[in-house]
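Presented below are the structures under discussion, each in the form of structure tokens.
Paired with subunit B in one complex and with subunit C in the other, subunit A is shared by the two complexes that follow.
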Partner chain A sequence: MSLELKGVSKQVDGETHIYPTDLKLETGSFNMLLGTTGSGKTTLMQIMAGLEPVSSGQIFFNGADVTGVPVQKRNVSMVYQQFINYPNFTVFENIASPLRVAKVPEAEIKRRVDEMAELMKLGPMLQRRPSELSGGQQQRTAMARALVKDSSLVLLDEPLANLDFKLREELRDELPKLIAKRNCVVVYATTEPIEALLFAGHTATLHQGRVTQFGPTSDIYRTPKDLISAKVFSEPPINTAKVVKEGNVIKLGSDIKWEAKGNLSNMKDGQYTFGIRPHHVTAQELGEQAIKVEGSVQITEISGSESVVHFNMHGNSWVSQSHGVQYHDVGSVAHLFADVSQGLYFDDKDQLVSL
Partner chain B sequence: MKRAIPAIYILFLMLPIYWLVSMSFKPTTEILGSFTLWPNEFTLENYKTIFSDASWYMGYVNSMIYVSINTAMSVAVALPAAYAFSRYRFLGDKHLFFWLLTNRMAPAAVFALPFFQLYSAVSLFDTHFAVALAHTLFNVPLAVWILEGFMSGVPKQLDETAYVDGYSFPHFFVKIFVPTIGAGIGVAAFFCFMFSWVELLLGKTLTAVAAKPIAATMTKTASSSGYELGLLAAAGTLTIIPGAFVIYFVRNYIAKGFALGRV
Partner chain C sequence: MAKTENQKAWFFVLPVLILVAFNAIIPLMTVVNYSVQETFGNNDFFWAGVVWFEEILHSSRFHDSLMRQLTFTFTILAIEIPLGVIIALAMPRKGPWVPVCLILMSLPLLIPWNVVGAMWNIFALPDIGMLGRMLNEMGFDYNFTRQVGDAWFTLILMDVWHWTSLVVLLAYAGLVSIPDAYYQAAKIDGANSLSIFRYIQLPKMKRVLTIAVLLRFMDSFNIYTEPFVLTGGGPGNSTTLLSIDLVKIALGQFDLGPAAAMSLIYFLVILLLSWVFYTLMMRNEEQ
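Up next, the complex of A and B:
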């Protein structure tokens, strides 16, 4: 199965929410929509579901044009960030509701709901109301309702965002298993790059209503097409600085320089934006081409085995992420190492320089 | 001190009601003749008169009928209107919403004369329906206002989830949405009931005999056959009861409504 958007755009009151977008989503893996709040993930999903009409463009499902088809006839499922259940129905009736609407025989409903409840560990809660459940159970109910019918398109709009850490981890493990056996297109919206990496599959990075890049998740992570895609797909945010290439040397400010090795030497001389992910700026000397960097410390966050140091790097706010507890006083000078062999170079139009 | 002040306050509030109830058990001669804190000559005569005389008890029946019709009508009309205000944006929606409320700003007396003329012309005069319809003038805006608040408290995603599940709009509205805002409907119905129950002027103007409300009956008795204070007090006591009864049932919902900032 496949879902294809061709030139789909959305304007509301003269304001563009989604710029013309082409996307082809396939069955078999998670299709991640990655972007910050307000980047258009939810709008795009509503368009995919048929809840919102498009302003222009067409939507195809398995090659058939479904642009004007109402949501009721599209055979889709959706799970929202907020725990959405029918408050006046029991958990059983909540899960059974799409089957009831589809007039599935009673015995069949019972069997499928019980099976789904078993899978979602909701067995003992079936006769309760959603308001009597914990947040995690409520979201499981919503997911059970979405998965109980054999929909061809499953839309998950930040389904784990409102759950506590433990539950999130648990459901992150379970979700791919639940989806794996199904023949459906799965779209998953998230603000967290880590989630996109965990579910792998394909990722589309979104920024202010535009899909900036789409492809296999690992490709997007390793070779972001442009600076915006790199920024969307990096948490903590990717460190950037202006650098100048002159012959075999790349200079950052006046005091930091490194050799342009390998393919880098073919890059034209001139000014570039250099990007390096926080975990390549470390307290230890790691990697192929670690160079010394230093800057005054703004904040240090220590989370057990990991230290995140925010420091001032020639006027840019940089973040370093390293193993072990590395404590720095605020205002002191941190001495760190940046593995510049892992850096990315963007030209004056913020496009990645392919090497 | 902590208990004394609320106690005094409640006493202060309850005193007139106590006086009314106490009076209803006294014969009129005792009420007029002497100042007594409780009935010296305890009598149920007043109540007997009301329950046996059709001109009295039909007043309650008439009031009940038009109040019920009005409440049902107001809520039924307000439900779709409130849904539109809470879910859709359309040209002038905010102005229209405010304009609805302005209908409550004019005193009922303003509308009494045109209503009287119009209803007489279409022979609706002196029917329960006439009063019920006239009262929707201020009850529909009120119900829309209250229901809109409750509906806006329900996330739009609930509607969308239902559509995704395959529900059509009417099916969703009746089966899922209405039960979800049940508390709001209760509160709206309560306020419609209350305003319609206590409204006197339109009720009196638009009826003569067949649909005369209890409040009108009470005013007439006071003027025509001299002072029948005991009877009047009994009628007054009976008029309070339905309100108290309804308040008892919706008290939790009203608290919820206050929490939403709409009541």
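Up next, the complex of A and C:
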């Protein structure tokens, strides 16, 4: 199965919410929509579902044009960030509700709800009402309701955002298993790059109503097409600085320089924006081409397994992410190493320089 | 070491204590005081025990007023609650018309009660009032000052006009607090507007509707000004509700004892019925 958007856009009151977008989403893996709050993830999902009409463009499902088809006829399920359940139905009735609408026989309903409840670990809760459940159980009920019918399109709109850390981890593990056996297109919206990486599949990065890049998740992470895609897909945010290439030397400010090795030497001389992910700026000397960087420390966050240091790097605010506990006093000068071989170079139009 | 006692805390409670004493405890105790005594004027009081309570509870006049009161209250509840919900459902949820609708809805609530009574009195007069004259022109024999049915019709119409807005505003507040995602989820399930109402809107409105029912119940059970100005309890005693009857006994006949006893019974009836309402409506919540 496949869902294809062709030139889909959305304007509301003269304001553009989604710029013309082309996307082709396939069965078999997660299709992640990654972007900050307000980047248009939810709007795009509502368009995919048929909840919102498009302003222009067409939507195809398995090659058939479904642009104007109402949501009820599209066989769609959706899970929301808020826990949406029927408040006065029991968990059983909640999960059974889409099957009841579809007039599935009673015995079949019982079998499928029990099976789903088993998967979602809701077995003992079936006779309770949503208000008597914890947040995690409520969201599991909502997911069970979305997955119990054989939808051809499953939309998950930040389903784990309102859950506590432990539950989120648990459901992150379970979700791919639940989806794996299904013949449906799965779209998952999230603000967190880590979720996109975790579920792998394909990722579309969104920024202010535009899909900036779409492709297999790891490709997008490794080679973002432009600076915006790189920024969307990096947490903590990617470090940037202006650099100048002269011959086979790259200079950052007056004092930091490194050799332009390999393909880099083919890059034209001139000014570039250099980007490096925080975990390549470390307290230990790691990587093939670690160079010394230093700057005054603004904030440190130590979680035990890693230490995050925000420091001033030639007027840019940089973040370093190192293993273990690394103490740095605020205001002191941190001496760190940047593995510039992992850096990305963007031209004056913020496009990635292909090497 | 001896524990230091600090009596200063009492000073912080004192203002509230004084306030509550003046607006609730002292007036109530005055009423209790009257209800167990007999007076023949001159400020001479004699102990009467529970005589007045027995008298009131056995008086057919009280029974009749109570029945009229119950009829009135349950009639307006049966009209105002569903009507309020229907109007709230019909109101726009976003856009430029929202403030317009809200202001229009609030207007009746802003009018002083005696003005409402006077307005409707004139409005319904059969010879010169717009409503009364119109009904008569249309061939109905309408005269709320002479015919019991007409008096009740006007009384209930007035209360519905005055107070449905309150139910509308409360129900509307309940409706707009439902996240859009619920409606979308229902749409995906293929639910029609009737099932959306039954399974999403009604359960989500339950709390505000409970408050609406309680407020309308208590207010309508206490109602005095509007019917007093409109019909003065007539024709005959046909629209003499509990509060009007109470004032007649207390100020018309100056029977302070029976009036005080009746006030307390009146108070207990409201308390009891409010409790019954609340318990019934919140029963599911606790299960």
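As a convention for this text, the second predicted complex is superposed on the first by the 355 of 355 C-alpha atoms of A that agree within 3 Å, B and C clash if a C-alpha of one lies under 4 Å from a C-alpha of the other, contacts with A are read in each partner's own complex, and residues count from 1 in each chain.
Just so it is clear, a residue touches a chain if its C-beta (ideal position, glycine included) is under 8 Å from a C-beta of that chain, and two chains touch if they have at least 3 such contacts.
Keep in mind that what you see is a predicted model, and the values were worked out from it rather than measured.
Asker: Sharing subunit A, do subunit B and subunit C clash or fit in the superposition?
Answerer: Result for subunit B and subunit C: clash.
Asker: Touching A:84, do we find subunit B (first), subunit C (second), both, or neither?
Answerer: In the superposition, A:84 contacts both subunit B and subunit C.
Asker: Quick one: classify A:60 as touching subunit B (first), subunit C (second), both or neither.
Answerer: Neither: A:60 stays clear of subunit B and subunit C.
Asker: Per the contact definition in the header, classify A:19: touching subunit B only (first), subunit C only (second), both, or neither.
Answerer: So A:19 meets neither subunit B nor subunit C here.
Asker: Just to be sure I read the superposition right, which of the two partners does A:46 touch: subunit B = first, subunit C = second, or both, or neither?
Answerer: both
Asker: Between subunit B and subunit C, whom does A:98 touch in the aligned arrangement: first, second, both, or neither?
Answerer: both
Asker: Jot down the residues of subunit A that show up as touching in both complexes, subunit B in one and subunit C in the other.
Answerer: Shared contact residues on subunit A (touching subunit B in one complex, subunit C in the other): 46, 49, 51, 71-72, 76-78, 80, 82, 84, 86-89, 97-98, 101.
Asker: What residues of subunit C sit close enough to touch subunit A in their complex?
Answerer: Residues in contact with subunit A: 179, 181-182, 184-185, 187-191, 199-200, 203-204, 284.
Asker: Within the complex, which stretch of subunit A touches subunit C?
Answerer: 46, 49, 51, 71-72, 76-78, 80-82, 84, 86-89, 97-98, 101
Asker: Please name which positions on subunit B make contact with subunit A in the complex.
Answerer: Its residues touching subunit A are 155, 157-158, 160-168, 171, 176, 179-180, 182.
Asker: For the complex, give me every residue of subunit A touching subunit B.
Answerer: 46, 49, 51, 70-72, 76-78, 80, 82, 84, 86-89, 97-98, 101-102, 142, 145
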